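In the two assemblies presented below, subunit A is common to both, partnered first by subunit B and then by subunit C.
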Partner chain A sequence: MYSSVIVPRQWTRFTCLCRSLTSVEGQKLPQNSKSSDGISPPPRKPRGPTDLLQALAATVGTDPTAAHYKYHDDPYLIPLSNFRKRSYALSAEAGRKAAAWIRDEHSNLFTTREWDPPTKNKTPYFNADPRIEAFAPKPIYNDASKVTEQDLKYTIQNALIDDSITIFQLLGGTSGVSEELKLQLLQLLCFYNEKEPESMEWLEERWFAANTRDRQAATWRLGGLADQIFESMDPKTPEAYCAMIQGMAKYYQAERAHMLTMEVKEKGIPLSTGVYNSLIGCVGFLREGTTLRVEALRSLLAEMHEQGISPNDETLSACLRSLSAWGGGKILQQMALSIVAEFRRLDIQPGLAAYYYLLCLFCKERGPRFDILSTIINELEQKEHLEAKEPADTNFFITAMGVCSDHLQNITMAERLHALLMKGDNYKLVGDAYKESIYYRHYVTVACRHASFEKTLELLDTLVPNVYVPEPSVMEEIIKTLEVGGAGDRLAQAWSQLVVFGHSKRARLVERLLDAMVNTYPGQEEEVKSKMRAAAADMLSFGQMTPEEKEMKDIRSPVQKLSATAVCNIIEMCSDTQDKADPLWKSVEVALQRLRKEEAAGVPARPQALADVAKKAAAVGLPGIAATAVTYLAECGFEEAMAASVHVLGTMLNRPEQEVEELLSQGQSALVSSLHPAAMAVAEAYSLAKTGGPIIQESERTSSSSDSDSDSSSDDE
Partner chain B sequence: MSLFIRNYKPNSLATVYNTKLWRLNSTTTDSALKKDEEEEEFRVLDILKKRERFQRRVVRRTDIQPDRADRMATDQNWGNVWPGPKTFHPSSVPLPLRQGYVPKGQAPPGKKANAELMKIPNFLHLTPPVVKSQCEAIKQFCTEWPSLLNSEEAIEKHYPVEVITSDYCHASPTIRNPLARIVTLRIKLSTLNLDKHSKDKFIRLVGDRYDSTTDLVTITADRCPARAQNLDYVNYLLTACYHEAWNVEEWEKDKTEDDMEYYDWNNNTSKKALVNWHLQTKNENRTLNDDEYKAFDTSEIPYAEEYKNAVSSWFNDGESDATVKNYGEVVRKLFGLPEKK
Partner chain C sequence: MNSSIIKVAQSSFTTTGIIAKCSPVLASQLHTSAPLCRVVSGKYRITKKRDKPLTYEMANPPHYIAHRKSWNSWNTSTLQGGLRRSETALEDEFIRRFMTGTWHGLVCSEVIIKRQFNHIRVAAIIRRAVSPTKMYFLLGYTEELLANWLQCPVTLELQTVDSFKDVVFKYI
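Showing the complex of A and B:
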């Protein structure tokens, strides 16, 4: 009875096996996704562990209103200036670093079970399941730790330079380690020049690190551990020689690298392509003068050919790097082009780094224009996606945009380049924060100068402020564009942008903005005008806060003062209202006070504007403001003061100008008794402008002219 | 303004201003003094410590940008703004939302600083267009549905066994959840190849795992730590029960009428009585043994089938108005009596 049961069971097991085999096979073979008989499920389509996530992520585009996702999405926490962007991101990372430090320092808390009774041995326990190696505490090695070759292997594989050196010493130095491990350690030391590399874990630090350009100086550690290990190795393998030469060449110890190469050649030890690449990279340090250097480069390439070593794309970029480092000139450029052509015949296409060196070689700041960028972009546009192969690749986009902006001054090329950067996954090639910022500086500048107004606005809307915060020079460029385009509301907005970007203390920029606003003001609609007036008044009050703060905080650096012209511009815009009760007159008054107290640098460039303001104020019924304006004009000695004062007085007293002039020619005493104090002030200004001195006798004026007159006059009473 | 004029006119008018100012000052100082004195004289015992709260100076940052919801274009792609599940944030959602307790005569609280909106899970990341685009994006990984499985019946026919497991996804260091090990197997009893005996035995074997109203057998296993083990175990249980149901043991023949789980009319005296009555009406005087009674074909008796069903349902379903009434009608038919009026 049981036998009859067993057979079908075996049979099912067999079919089950068959099914699993087909499914395994099916994952490898290209297949149609249809089921064979219409009933059984079709074979599974093969996919990687993250393919689904990536497909979903591809549906999400960029949101121009949002900050980068590493920042909190909250108006209080979205950084708007470059300084804030940097400090917010680095603070978050500092928190992560602190957590990592605690994890490493108190690793027992994370690897053992704390709830075991105290008498028992703690059992190892990881609360993450499956265990995540990247989150696990890193082992700490010091002089007391007991280490084995296994530890050395671990540290070498994870590129922990300092730890591996410690372990190497603990294991007994050159004598206590096997030859194979010694070679591995030597390679590691040569690659990093015995210096701990920046950790890959801290993305933000790498992003904001200001290592703008690697120094081309011999930084190779002479007589270091690498040299010791190399000396101790016996017999010295070709790999060891290669590592040594490459390390020396990478850190610009060209002489020694060359000498070692000679030695190797005499011994007849074969060298690798990498060695030749690094030798090509530092060949310029051995010779002086372009012709000699080019000769040396040629001979190196010829040597490679003799040895039967095939070049790769790094050879090409190393050649071009050397050429671009030797300055410019016809010879080098010809040489570079011929090298590129020859490599193309070998089916080695130049990468981004090679293009970067070509751009460096051809597009000099001062020099004839070369339009090699268009051909480069043509080629790159045809590629499906760009791959990062060497560190210099990230220099390509920033340099190319610089060429678009300064060398070619071509907006269409810039747009094509930007589209290329935005395509697919290419944005990773932008480099770091510094490079990104320079890239956008070039892009915005060239757009402001050469693109149509609408396009520029569109670009600014998408970039500023979340992707890019304009530097003062770029801001000036933007203001210029807005002025030419006559966009009044944008200019009013630009003021608030200046405030949030932290440029509002730069007087030159504010003055430039005020100029632009005054120039565009007349043609605007009423609504826009009121916005611009509000912005102007805000500028005044923003500037005013500084002296109070100065008293409170004792600021060392001098605050830049706005020029009188700028203040005058503010007055001009704020006074453009017919309503007597408008609060803007208050700011006009304040601005005039500032002019009189000489808190503004220089004198106004257009006194006529102030005279107009005085007339308008008088007409509206604010004699005080009119009087102040006229008096200021008179004190500064402008000719407009006289005509203005007559006009203002005429409006105040509601009499024709001739009569007013007659009145003014009368004696002082008569005026004093009959006139309103404001009108009297205007009359005084008139005489000041006319005679260059006051009407009232010196003896009477002494107390009034000084600033402390209020006290003295009250004392008189 | 007065200040400015005083600068220029130290005469009569200025003095007026000054005196005015002076008076103003003096009054203020006087009142202040008085206040002090009053406080000096009548000190209030502040039992509840209801001190006047100091107006704390609110330090407002000047460079706070307006909500980004204000700057959003009306034709934007919402999926880009809100790509994943996230707590509600008023500055990013351009909707005039209101939620919370409504005070009398007021509108519900707005979206800013509204804990009610933050507490509830929102589905802002799963708007219909987003769902659509995500479905389009993952379509490339899907295979075609088998063409013959075009109806529920077809699916039930070709895939009678249903295995139910649960997967759990939560934010914690471990991806394991003990509940994920539980495996439930469901199958319709009618889809199993069973005869009358084996079906009866199968039902007895599975016990309360069989639901007679839905005809479903549900086997759940959670005794093993891993799902695969439980799945194996469930399959084993089903297989074992099935084959065991087909086995007929020696002692099963000893089953008597008392052991019957239901009323079988054929084995009972009701049939005997009917057969006897039938034979008497035909004037056949035969004596039959038990087996002959059981094997007697009642189809030749008119209304015997109905009578059988009526009696069986009375015993199997229990006595109720319907069964009794049905029995009465059938008996009238059987005896040829007129129907009840």
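Showing the complex of A and C:
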């Protein structure tokens, strides 16, 4: 019984072994022909340690409805304005830096076993086996530390400029270091111009770094350590010359670089392609005038040809960079096109940086329209993925979107460009936070102006607020689009967005929004209308909180006041209700009082709206509000005041208008005795509007009218 | 103490071959602490005024683990063939103390530690007593320092509540 079970088992095991053997063989020797059982395993592909992870990550797209993954997924910790995005990310990085500092300062705690008995020597200890370099404490070098050439090698390899200079001095300067290390250090110093670069470790700092456009000025450090090392080298190798010339040219010390090149040529030392590239980049600093510069560029290229040095794609972008820096014009544009064509013949395709310079050269703001972008996008769309080769590559997308928005004003082009950016992992080419926000500013602007309304809304829904928070100017553009599209619902939402994004203190933007809301208000459904009313009332109360805060906190910068027109818009919207007990009448009252107390700038642009509100208030049965509105109109000296006051009084007293006019023509004393205080106020307003003077007080009118005059004049400024 | 009992057990059995094979299994299954623990440990005493706040985790005694509540440490070190048993326990305790000390007076719940591969995820509920900016600083600081100390990536998974009262399940 047992034997009958065991034998098949052994048999299957044997067949299994045979199969695995054949498959192993198949991996070693990829067979082109089919094997005997018809299965031919594909040849083995070499894979890196993270390839599988990357393949998995590629299956997951980004989710625009969630905040970026560097932020914590909690309602309290998700940033919604640009300021918060920046400060949260940088705070987290500051915490990381603090931890790294502790690790470096107290490195003995992280590398020894503290639990060894006190009498014993502490054994070096690493928690991880094998040791992980990234988590190990970084060495700190100062004037007292004992250093070897090994340390210098380490610092040079990790591009720690300041540390390597310290170690170099400690080792005895130019005399105490081997020639090979000196050359390495010289190359490092020339590349960075003896300035510590921003560390690669701190991503957020690089991302949010204030955009410092590299100054086109001679920043090369004359007589610095690089010069000293170069002087001390004997014999001077071609590599040393190349490093020196490239360093000088990179930091725009053009004349010295040129002189050194002359010297090198006399000695007959060969130069590298990189040197010529950098010389081409700064050739414009030696000559004045376009023709001379172009000539110099030509002669440099011819020289390369003579020396038998083959150009590379950096040569192309260096040429185009120089050309684009020399301004515009037919000659330069023709030259650029011919250079690109010639490089194509050498099988050197222009990269993103080259395209960026071409766009700079052709698409000037006040120039004729050149549609070279469509050709560029056609070419880029055919590529599988875009590679970043130069720092200038990151300028391409924002410039191209700027061209779409300002130069071509073409939404389809913008959409194609955006699709290109979103393809694969091309998003890395967006640059940094500053460039990203400019890119989206251009994109949203062109979409608002030229795309269909539905498409714009769709775009805004995906981008705002997690990917991009609109700046005030873009917000204005968005409000304009919403107004034209008549989306009252969205406009009411826009107010809450303004508050969240921190734009709610910008009076101009709020006024613009109110205008848009009033213009779209009439045609809306009742539900939307109530939302808009709520938003308007909220704007009023939001503005009102500020004076109390001002008293408490003593805010120095003056708070911008809403204009009287804006407040009137609020009143108009809030008063659109037939219910006397509606809390919105409260906000109407508050707004009217603000108007009367001169807390709003200027005078309303549409007094008729206020007059209508007064009539409506009287009809609903709120004489106080009606009286205040009419009085305000009369105080401002609007013609509408008279008709409105007659009408209001008629509604209040429930009499026809003629009778009311008769009543008003009577003497003041008779009125005082017979009328309700609110009605009396209306009567006063009438006489104020009619005669230009009040029944009771003369001085009040003049002061108020002069105030409003001065206000309106200040508003005009 | 464990080992001594195993030795006693080994001497009492004459067939040493079997017991030698079983001993690692025995070592992890023999509980040698006093039986009182079953009654008292992990449970809270009722106060006179009945005003002692308990979170959900505290309100459920240990025998409800895997029924009403789950573990505070998630790892595979206690499975058969699990690695780094003592180290894991010690490191977890270190992480808990580090969290409560660094987020001083802010941690409102147990600190849950989950290990997956070489990745440690630390979860907790935090009071909103400091500004988000400061929280982000502490977040970065904790993650980086723990990562350097434990030599593996550490991720914090925090949730915030307005006050400690939000996590109170009942008063006893």
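To be clear about the criterion, the second predicted complex is superposed on the first by the 646 of 717 C-alpha atoms of A that agree within 3 Å, B and C clash if a C-alpha of one lies under 4 Å from a C-alpha of the other, contacts with A are read in each partner's own complex, and residues count from 1 in each chain.
We take it that a residue touches a chain if its C-beta (ideal position, glycine included) is under 8 Å from a C-beta of that chain, and two chains touch if they have at least 3 such contacts.
It should be emphasised that the depicted structure is a prediction, and the values quoted were computed from it without experimental measurement.
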* To do: Figure out whether A:Tyr76 sits in contact with subunit B (first) or subunit C (second), or with both, or with neither.
  => both
* Asked: After superposition on the shared chain, which partner residues are touched by A:Arg44: those of subunit B (first), subunit C (second), both, or neither?
  -> first
* Pick one for A:Thr166: touches subunit B only (first), subunit C only (second), both, or neither. => neither
* Does the superposition put A:Ala98 against subunit B (first), subunit C (second), both, or neither? -> second
* Determine, under the contact definition given at the top, whether A:Ser322 touches first (subunit B), second (subunit C), both, or neither. => neither
* Is A:Tyr88 touching the first partner subunit B, the second partner subunit C, both, or neither of them? -> second
* Have a look at where A:Gln524 lands relative to subunit B and subunit C in the superposition and call it first, second, both or neither. => neither
* Could you look at A:Ala128 and tell me whether it touches subunit B, subunit C, both or neither (first, second, both, neither)? => both
* Of the two partner chains, subunit B (first) and subunit C (second), which one does A:Phe110 touch, if any: first, second, both, or neither? -> second
* Residues on subunit A lying within both footprints (that of subunit B and that of subunit C) -> 74-76, 127-128, 132
* Asked: So in the complex, which bits of subunit C are touching subunit A?
  -> 128, 132-145, 147-152, 156, 158-160
* subunit A-touching residues of subunit B, taken from the complex the two chains share -> 1, 3-11, 13-15, 18-19, 22, 61-68, 71-72, 76-77, 79-81, 83, 89, 91-92, 130, 133-134, 136-138, 140-144, 146-149, 158, 173-176, 239, 243, 247
* Hey, which residues of subunit A end up touching subunit B in the complex? -> 1, 5, 9, 33-35, 37-45, 47, 51-52, 55-56, 58-63, 65-66, 73-76, 78, 80, 127-130, 132, 499-500, 502, 589, 593, 624, 627-628, 631, 672, 677-678, 680-681, 684, 700, 703-705, 707, 709-710, 712-714, 716-717
* Structure fact -> The subunit A residues in contact with subunit C across the complex are 72, 74-77, 79, 84, 87-89, 91-100, 102-103, 110, 126-128, 132, 135, 137
